[in-house]
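Next come two complexes, and both contain subunit A; in the first it sits with subunit B, in the second with subunit C.
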Partner chain A sequence: MGMIPAREPPAGTTGFTAWARHNLFGSVSSGIISVLLGAFMLWAVFSILNWTLFSASWEPLWNNMRLLFVYRYPPELLWRPLGVVGLVLFLLGLSAATSRRETGSIIRGVYWSMAGVSWIPTVIALFAWPSVRWLWLGASLAGLLGLLLGRALPRFGRSLPWLWGASIPATVLLLYGVWNSGPLQMVGTRLWGGFMLTLVLATVGIVASFPIGVALALGRRSTLPAIKYFCIAFIEIVRGAPLITWLFIASLMVPLIFNVGPEAIDPLVRGLVAITFFSAAYMAENVRGGLQAVPRGQSEAARALGLSGWQTMSVIVLPQALKAVLPAIVGQAIGLFKDTSLVFIVGLFDFFEIGRRVIPNQTASLQIPGGVYMEMSVFMTLIYFFFAYRMSIASRQLEKQLGVGER
Partner chain B sequence: MNQTASTTMPRIVTAHAPEGGERIIEIEGLNKWFGKFHALKDISLSVNKGEVVVIIGPSGSGKSTLIRCINNLEQHQDGKIVVDGVELTNDVKNIDLVRRETGMVFQSFNLFPHLTVLENITLAPIRVRKWKKSKAIERAMFFLEKVKVPEQAAKYPGQLSGGQQQRVAIARALTMGPKVMLFDEPTSALDPEVIGEVLEVMVGLAKDGMTMIVVTHEMGFAREVGDRVVFMDSGQIVEVGSPDHFFQNPHEERTRSFLSKIL
Partner chain C sequence: MSESPTDTPARIPFWRNVKTIGIFFQLVFAAVMVALALVLVNNVVEALNRTNIPANFSFLPARAGVPIAETPIPYTPNDPYWRALLIGLLNTLRVAVIGVVLATILGVVVGVMRLSTNWVARQVATGYVELIRNTPLAVQIIFWFTAVLTVVPPLSSNPITLPGGMLVSNIGIAIPWLFPGYSFGQWLPWLIAAIVIGIGTWLLFRRRIAMSDRPARRAWPLALALFILIGGGSYLLIHSRTSMPENLALDFLVDRGRGSIFIDHDASGSMAGGEQPVPYAAVIMRIEEATLNATTSNVFESRRLNPSSFRFPFIRAGEVEDAQVSFAADEDAERFSVHFTAWPSRGIIYEDRNGNGEFDEGEDLNPETGRGFSGVSMVITVYNFERYVVADRDGQVRLPRFESASEAEAEAAPAAGGPSTGLFGLNLDATADTGAELDFTYELQHTGPLVWSTPVVSVSNYDGGIRFSTSYLAMLLALVFYTAAFMAEIVRGGVQAVARGQTEAAKALGLNASQTFSMIVFPQALRIILPPMISQYLNLTKNSSLAPLAAYGELFAISVIVANQTGASVPVTLMLIAAYVVISLIFALILNIVNARIALVER
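After this line comes the complex of A and B, so read on.
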């Protein structure tokens, strides 16, 4: 018996017109809705463009860029935060060039979007910001240099974990400084602010809350009652109140309880501790969900092979658990990144606080109708969106990549 | 046999290996409870080196629990289990020693889905036996050849068929060089058309002289390589005998009714 050969589909059932006919104008009512929605979208786009180009006043934003991104960080020391930008771009480039694992394409994606975007301020700086012109150029070139170096000498790939590890103290050293004077003079955290502070808070919060969260999740499953109930109590109490409450407690209650002046603890430390522990409690619950998703048979098989309890957890159960809840973990990282905007409670001037209050207050005397709230909000939304959406893309790619070999 | 006596008098049936062989597993007066439920009742069973013992019985009869006690995946509350001269107590060192010498194959394979086939197999030899990676890979490939899936070494378990996964699981257990292999319904989760390939591997293993305790309903396997068959019901051993004994003339009414359902 011969097989029936494959035939072309009937004419007019594929392509854009067929799609539009089926999905947009499938019936009278859906046709009306399509036309109305289309009209609304055109009107919205037109209004936004009109406002952006003709009504909005972008001058205060343009004049306050430095405030918005680094707050009162000494202008003559701006090479230090920009040095950190360069360092991160350099390491990203090195990672992108040398990563041969399945996750390599994701790292390359992150690298290209970050390195690409860094050229926007670089080009602006070359024309309009003479004081940081060469610094931005240097930072952007460092990203390219990392990529080229990684391509030329792939063996750098092996030392990358060390280099990334070393970048943490290097960042602290650069941002905070060491001595009382000179190029590495100390810059107190009271001068930190803007988007730089937002990134510091989000990075430290995400990186530090991860191991604490994993430890809490494991502790919650511990057979030792003392550890188990401590972890349960910690998780439930921290999750029981909103972040803003914990920030409030960190800024007002802690000095009162420990009977120290309000200046005794650095506000940045207060904010970091509150954010980290808050995030760790949620992380713990995410990880616990993942641990429960790993079938019992997995640890039984590992134990039956003679692996110790610790080996079973770290090599068999935890990797599968984290993989299962990776989207939730990245979702939480995105949430944390945006939630840093609450740190004005502890007296920090993060990106959002400066855009929301500092700049509008300064420019109020200029008597611009409606202040500059709208312009600031739109700009801040774009910046927040870029970073949050980039994380979201990476998470989706990671999910797909890690799906390889899934049962 | 007196009918009234056998139904009213509790009778403990023991399943000891024939005298003269070298004992490798010795279970004496084993009792196990899950909460208040008495799952294993006064089990006495021993196995000689090179013997193949097949355990049959209805579901819930305690046969899986019994072999899971042998490598301490379940803890017993009463009685004695000695594997290769090491008694299973609460001592973690002893438990680790016993687990190293017993391989286990599960109904649901339990391969590690995030590791390749080769990594699945070499993980324990490298981390527990402290072998060099090259030696572990060499041994792993030897056993993958033996179970006839060497070409799958670089794949992930999810890319393999059920029969292939179970054969990899057998190779994983064998690579550790165990003295005893425990099989917990190894073919029950498989499609009928691939059961044969797994049984073939198990028959080969038995003929090579491996000591095996196999929980299964595959009576063809029992008949071909089984030295003894143990029938369990509601947590106790009901009848013990050679495969021929079970096929031709089982004594107990309970055994007969069970066999008539599965044969």
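After this line comes the complex of A and C, so read on.
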């Protein structure tokens, strides 16, 4: 008695046919949807390609790339912002190579997408932008160098927090400068703009709002009524009105509050004040959520072990709370990154403002039918989308890694 | 139990008592805050004194002089500032309310699509959500406002007419709409009665049916039938029984193309002070023969340059018996020929170089300059122009500014005639003394309680119908698409959170897929979905403050204008924040109520 010979699976249960039958033509209505939606998507992709390749006029955008990314930052000093790019890529590479923690794979993912994308401008620069050719190459290579260095000498991993911390003053030093002349001459913030400014606003906003937000969250949970109600009022009023009104108020009120002329205060400072406090109020609510998620037993156990109130909070409760809300904080960073597009209200020329007004105005004389609005909004969408989407992927991975949201 | 002296805790000195420390700490905190506030307020007061910035609300009753494009309630620049700000608030609500409704529909559709078994639907929905959520709303607003705007044809070169009479152009869209006519007041009690009876019947029968042995029966068909019977019957009755108000008259200057419909108390034929305009009255206006002028130009349309174009956007084919386009100058008439792309309102002129009598590619370009022929004067003569016009909210009616065809025909214009009441008081035929040499007649129309108004173009804006500017549409579209992406995720999460056993049990009971979803899964998901959904409604309302990007005059945009104009930045910002905080509190209140209701249902 031999075994029954193996037979082919029935037709249409494996492979593409089965997949299509299940996913595309599961029922009559599903089939209709597949065909109609599929046809619509094909048409959309075709028209977008057709527009991108044939009818769009990309030249104004191409000629104004520097404006879009660094605005009026002196061209001969471009090594400084690009140095910051190199520094960040270097540290990312170092972190990616040495991180041994559960979040290591997330950092590696971020590193590879950032380092990978940095090769796009590098290759373009090599062929088309002779003045920044070697700078871009250097920045991209710094990323690789960081990775290799981290692999070769893993003990760098321990000093990484210090290196990241030191990168903040280094960035300020590089972008703003120190002396009146020389290679590190000061570059006033009025010359800052473009995507560089967008990143500065988002980074400073999220970093500066963090301690304020934590303080507000702790204040809101305080048992002392004066502090508690002050924090509640601050958080709710700030969250009650949209960011654009706070930016408007910052541009009007900050000079009044300091009793100086309207021009005396740097628009960057006004924008940062509004963004930081606005972000802090939202941060406070995120952190509060985390604090509520920490079981009471944790702080009670800590007190029973003899830890003081501060120790309990800083060593036991806050670390757990912040870990729980890390994905939410990344989500907030995405929101802030997108919201920086509103700083035109205080008179800053960020990436969005340059794409919205400066370039269309400058190229108005070219008499391109319909202007370059479509081109500009498509390009801005691409850039914003890349960074925000990368962050949202990281946020989702964090959520999974940290087991947040799982029951 | 023995108590040793070491067991009794030593009395804590008062400076280490937690309570004392707390009070002390609060006092210090309060003192610091008050001191800080005093310093800042003092600074602000000094700065205000130094710069003479008004710091009170006395500017509110002053004349605003702010032109606002879209006004839900009557408004002129002569109205005070508070009214301008009120219009801003109403415009915020106008975009928020419609936006919330549309975003909810789109959000639910996309959320369900993300869970679909259909691969294409799932991918499209995911792509949409990711793209929209990760792009700033500001970019999306200017995409809709500036980028899409350049694809839509300008009003001056003929708007797109969609089936049903909807008009689309670069100033926005206009949709045919029903307005309350002069007999609406008589119908209103019947309408209210119909609604009350309809709802009452529905509630009553729903209870009866629920308690009866046939709970599957529906109560709404009877309620709807009653509503239609009462509402519709009374409508028809009023429509046939009432007549036009006595002395209803039209005061129209045909050479200026404007006039108003009003109650002519003194039978003078012209609107005097104290005579009230009648909104939404209908009139048919006729002109026997008249002309309009235009010059050719090279116009941008839908991102394309259309050379040598002439446009008569105010005239549509159905409104005239005949129309002839000619050249104003004789030498132009010899040189050029006319080619219509849409008779009689759109066409181009060309040089018939090969003499075949037809337009060929390139003949619309001047070979010397490589551009089209612009600045050539054109005249259109229309014969037996007739248009049905519904007056607007202020009783105003408009026509294109026609000119008389010739002196000779102008002399034949009939003399003045006052409005005369026809048999049964239904038709009024009249010839007005317009002062112009145009053969103009009009016929006021009897209308029912509701008047159907189809939009037309007669000057530089739409007339009739309900109109939405490009600014409004850009804001609405951006807000709807943006918020719907977040709502889709909420809906998806909510549906996924419903326990699998519920679906399986429903299937086991023999419910089909749509019944399972609509009767089992969705009602349970709704409890999870509703609270975050309400925060999204609030977000949409707050995000409407990005309106300056689309030049839409809502609360924030108008506040900025008022603050800049009066210099009263402090009071205006206080009002602005108060308004938004109040809106937020209202939403928080709704959220709390909903949460309470949901909690009750769960138990």
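Criterion: the second predicted complex is superposed on the first by the 383 of 407 C-alpha atoms of A that agree within 3 Å, B and C clash if a C-alpha of one lies under 4 Å from a C-alpha of the other, contacts with A are read in each partner's own complex, and residues count from 1 in each chain.
The definition used in the following text is that a contact is a pair of C-beta atoms (placed from the backbone, for glycine too) under 8 Å apart; a residue touches a chain by one contact, two chains touch by 3 or more.
All values derive from a computational prediction rather than experimental measurement.
Residue by residue along subunit A, subunit B and subunit C are tallied for touches, and C comes out ahead.
Contact with subunit C, but none with subunit B, is seen for A:Leu252 once the two complexes are overlaid on the shared chain. In the superposed model, A:Gly26 lies in contact with subunit C only, and not with subunit B.
Within the superposed three-chain model, A:Trp58 lies out of touch with both subunit B and subunit C [touch as defined at top].
In the superposition on chain A, A:Gly306 contacts subunit B only, with no contact to subunit C. Touching of subunit A by both subunit B and subunit C, each in its own complex, is seen for no residue at all. Residues 71, 73, 96, 99-100, 102-104, 106, 108, 110-116, 123-124, 127-128, 155-159, 169, 172-173, 176 of subunit B are the ones touching subunit A in the complex.
Residue ranges of subunit A in contact with subunit C, taken from their complex: 22-24, 26, 30, 33-34, 37-38, 41, 55, 223-227, 230, 236-237, 239-242, 244-245, 248-249, 252-253, 255-260, 334, 338-339, 341-342, 352, 356, 360, 369-371, 373-374, 376-378, 380-381, 384-385, 388-389, 392. Of all residues in subunit C, only 22, 25-27, 29-30, 33, 40, 43-44, 46-48, 50, 53, 116-121, 124, 130-131, 133-139, 142-143, 146-147, 149-151, 300, 302-305, 542-543, 545-546, 549, 556, 560, 563, 569-570, 573, 576-577, 580-581, 583-585 touch subunit A in the complex they form. In the complex of the two chains, the subunit A residues touching subunit B come out as 295, 297-298, 300-308, 311, 315-316, 319-320, 323, 404-407.
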